[in-house]
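Structures given as structure tokens follow.
Each of the two complexes below includes subunit A, the first together with subunit B, the second together with subunit C.
Let's look at the complex of A and B:
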């Protein structure tokens, strides 16, 4: 069941578009903002509100890699693995996350604090390697810097 | 027409096509995946790359996608002076080979265990491009497959992401539970969660998918390679539309059914009832030997000779015989019965209602100015008014045709913007959700409601009143309706307005709400549209595959036969392929079967009538006999025997001919084959004059050869019966048709009525159909099979039909029980297929919320109704849109047969 608030926020979006279905992406983002991810049940609820089938909406939801269809940790780490970051050692950063948090791409740490996901370019190639945690960009990464950042986000 | 140069050779082609259509229509080979003649172009797969040149001087050219490039180069930006392309260009060839290689990166090498193998467009195209060796040596992406119900098997690893499945299922077929998920290499075609595919047309995915992602699950249970199937052209018998099919047999069982392209009828597609309803041919309820009642009162197996002797004693010595024919038996079988018993003692085997209603449809089409369209023509209607028919459940393939017609009007805008109609992506972008005028007036909600402009729920009488009002609004000379409520009058006006403004208006009605008034109202609307030179068309859906045919033969119905026996005018009854308990009230049928001294049944399935007969003769099903059906379009179409079974089954008409001999009828006609009997039919009925001409006669040969039912690769011929006898038997003879039961014969393309499989060198999948068409997606070479028997007369100016019924009045304490139809369940034979039975609902009584409230019944609680004096207890199902004062009862479900609906009944908790 969508909460009162989610429903209201989605309905506010309706006025910007001719078709209810056009609100798909915004509706998914709204629900994700409140719950951290989009469950099967949420897909059904949103689909009903937008007068589309769950299959159609799930087609949209699964197309975008920033709509999470599985639960994620409290913080989502988007580590860029595109060309510049790859040249500048993103594989090392990835290995460091595995060492520190015990997670690889697509995994969530046991304490449910972090989820690590690959990202195709954050638009900051001159400061590679880069990553984004939640909505904050972190650049010129190295192992020490990552350790510091992790500490800041924990707790 | 336009001249185009392909590899420097000039060709004349239609200029409204794209280059892929043109190239394929010329019979040349060019590989493709995402394009489909019925779905148009989206330019997604990049497989049909060719090189286009500016002019003769241009030696470099550029690679273009044939499916996205119009034949008319002047419409290009910038325009070219001429259309000059190369298919054989080295760079284009290399490009196409590379495309296949990319597609193959994730495609498993599992052809030997894949059901698509040997019928696979991907295999064909891979061979065509010359991509022989895979260079990719890494891990392939894999997917989890879904359970999609009893019809379709899912194997996503084989997917090449051509998008045809969703384009057919959603865009063409209107389904919304199959979708494309994710992106890039992870693209996934499936449902939101495991579950039955809800579309009634899901089976077409089997043929639309170019590889083995969606395959026929029923076929998998007794799988045989396509080239090992024995096939013959056939006609679907599960509704009245007459879709063309290709059933395939191996080891005495029908194993699969494919669509047989007919450019005027079903085109590329079938409904799931037609495709998966074949199980009755292999069913344990088949009658395989003659049965005769023994002294203990049971039916026991016998030999044809022994039964023949016995029957001779029934039929000779001045027996007063009558014959009851059947709307699901061929014209030939019915005619043989009529010949045996005499024209005045032959009954058409339909219920009294059906007989009356089908007669009404025939009369309206013969005497009125409105023509009945073919299914292809239905697709180009630009305004549709459905009166009284739940198409999805009574005539499913027509539902699919109507779904195309609602796009007609919006698509007109594409032409104004100079977007060619084959440019599917652009056209859909333009049209969005816009629909043309489409009105549905039915007693119960239908699955087409969501694309309708407006819907109207009412009892048959009130539906008829709406129809009459529409006709009156179109032409004041048509009878008017008094006391119409304002909202209905307004609806009638808007329907009339929409029909009037369209170029090709169509009215669809039929027999399913058992109301002649509804059909007459539909006729008036169509006739009113025929004023002012406009071509109003009307389509009447009738109950069964040969209802129209058998009604053209005889007027008297089953009720009349019951009366004849009761009046002692007959003592011996021969029942042809008919379960009388589906035709009249159980008590009346009991009377008929108990009163008659001898009852002889001829059928292929055990049912209540055969169980009560004194002797039963085993008939061949559609797959074991030849014959002719007349569809609701009035199209006579021939179906051919697919295989010879091991039992004593034979065509019903052959049994009847033997009975004539046994009865000592000296004037018994000397029919030697099917042609003799169709000749007799043509002689006896002027309307059947064309029947002998609908397909070539038995003596027809191509370069002296018969047409083989088996492919040239058919395997195991010398060993297939080795468990019975090591010496190879002689193939069975076929005196009735130009087909042989073997692989010998002419392997080229035969006349269209005799196409037993679509195959061409290099084209093993159903896409081989391209090679049999004049233009891809168009008509078959030599014309589409079948002959229309009913056309309106040019000078027809009949009086409008009258008898506008009074408005429906609910009764106190009683509800009008109306028939509800189910695609899976209402048809007598298809429900015998296990997969179809799985999809069929359990019997129920549909109640509207008010009726349920006054009875204090909740959804699922059991209620009792009494029909024909028989009480039945059924779970209630709340159906919000049912008209007040009515309830709905599913037709034909096991345990619910034989009741004449609509009928009034008390409903008790």
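Let's look at the complex of A and C:
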């Protein structure tokens, strides 16, 4: 069941469009914001509200890199591994995360604090390597900087 | 080649490290005068006319003439009741970071460009399609849109002209193909965002089947300046017949990676040696993707090329987004191309077989070569996939697949020895 709050937030999006289906991505993001991820049950509930079939909505949900159809950790690390960051050493950053947190791309740490995912070019190539953690951008990374950042998020 | 006047209209309001201009500051620098001029003195067709005459070409990668695109939109009483303008702010082409700068540096300039474009085609509704990751731009745009509504530049009866425009900000959820304009329209409609067949073209049948124009952020940012200062002034900003300045950029192991606003047609050598400060100490220039991940490599012999649509095309590549990625002599070209094809493998929408199956195949072959498992026939297989996809030019649903093989085909041409050495020595010669 969608909460009152989720339903209200989704309905507010309706006014930007003439068709309910058009808010599908917004609706998925709203539910994900409240629950961390989008379950099968949520897909059914949102589909009903948008007058779509659950299969069609799932086709949308699974298409996007940032709609999580599985639970993720408390913080999601989105490490850019596109070309400029690759030239500037993102493979080393990835290895460092694996060393520090014991996780590689697609994995969540045992304490459920962090999920590590590859990210496409973050459009900050003059400050590569770069990543986002949740909604915050971190740039000009090196191993020391990553250590400091991990400590801050762990707290 | 005529010497351009040295003005930087797109970045003149930028103050790095500080908040961008709010409405009042923007207005006091002449902002929204172009909207005022258009609404009081110009018919919609006049706006299209001056943009056409200015030879503004799209800055999103394909370089299509902007005014011409607008002139395909049905106008007058018999035109469909709803028309749409969409600003493409999905910037996800690897190595491209220019639209972010424009959105964060001067959001009102961008909104003014949108209002003018919408007015020219008489759109009723405009959407900004913003990529998820641009959180700062999202906040700044939200504020700027509210200010523009408040001041009467958006909404009903704009500046007493009788023209109405609603503008909404949509943020996506991360998928490169959403930047392709027909996939973008499916995304906005809330469908699975795969591209659509063309024709029909969006100009006559786009969002919900209505006439729609999709335009890159940088393209739109040029429009206020063209309307305010005229086509002749705009053309005098560049070295060539294509009008305007361009945001050029460079990343990789150079001394000063950044974005610079310079005349269209500025030589690549000037960009790399003067503005980027040359290569980092101890490294040599080896090659460059001139306009993002889906453009062909260029090499040393091309350094004196003017960075403009035609010359880069004649050299076998594309100006693309004008943001260059530099390959140095200590970075493995095979590894770099493997990285590019991994990106395209992940981001292919899966609609067309040669793209869905061919691109991952190139990645598997490149991975084998890079890790010492390559065989001589792997190069033939790469050639086969490239030929299959390029022979099908215009037969895949979108330009993703041909773009995806561009760095690969040119990489094989310019760095062939590297491929052969990897296969011969069964290892990557660059690995320490």
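Everything that follows uses one rule, which is that the second predicted complex is superposed on the first by the 155 of 155 C-alpha atoms of A that agree within 3 Å, B and C clash if a C-alpha of one lies under 4 Å from a C-alpha of the other, contacts with A are read in each partner's own complex, and residues count from 1 in each chain.
The rule we apply is simple: a contact is a pair of C-beta atoms (placed from the backbone, for glycine too) under 8 Å apart; a residue touches a chain by one contact, two chains touch by 3 or more.
All values reported here derive from a predicted model rather than from experimental measurement.
Asker: When the two structures are overlaid on chain A, which partner does A:38 contact: first (subunit B), second (subunit C), both, or neither?
Answerer: In the superposition, A:38 contacts neither subunit B nor subunit C.
Asker: Any idea whether subunit B or subunit C touches more of subunit A?
Answerer: Touching more residues of subunit A than the other partner does is C.
Asker: State whether A:150 touches subunit B only (first), subunit C only (second), both chains, or neither.
Answerer: In the superposed model, A:150 contacts neither subunit B nor subunit C.
Asker: With both complexes superposed on chain A, which partner does A:19 reach: first (subunit B), second (subunit C), both or neither?
Answerer: Touch partners of A:19: subunit B and subunit C.
Asker: Does subunit B (first) or subunit C (second) touch A:63, or do both, or does neither?
Answerer: A:63 sits against subunit B and subunit C alike.
Asker: Per the contact definition in the header, classify A:49: touching subunit B only (first), subunit C only (second), both, or neither.
Answerer: Neither partner.
Asker: Give me the intersection of subunit A's contacts with subunit B and its contacts with subunit C, in residue numbers.
Answerer: Looking at subunit A, the two contact sets intersect at 19, 52, 56, 59, 63, 65.
Asker: Could you list, by residue number, the parts of subunit B that touch subunit A in their complex?
Answerer: 176-183, 188, 191-193, 432-433
Asker: Can you tell me which positions in subunit C touch subunit A when the two form their complex?
Answerer: Listed in rising order, the residues are 91-97, 99-100, 131-136, 168, 170-176, 187-193, 208, 249, 251-253, 257-259, 289, 293, 323, 325-328, 331, 335-336, 339-340, 342-343, 346-347, 349.
Asker: With touch defined as at the start, can you tell me which subunit A residues reach subunit B in the complex?
Answerer: 19, 40, 43-44, 52-56, 58-59, 62-63, 65
Asker: Which of the residues in subunit A end up touching subunit C in this complex?
Answerer: Checking each residue of subunit A against subunit C gives 16-19, 21-26, 28-29, 50, 52, 56, 59-60, 63-67, 78, 81-84, 86-88, 118-128, 132, 135-137.
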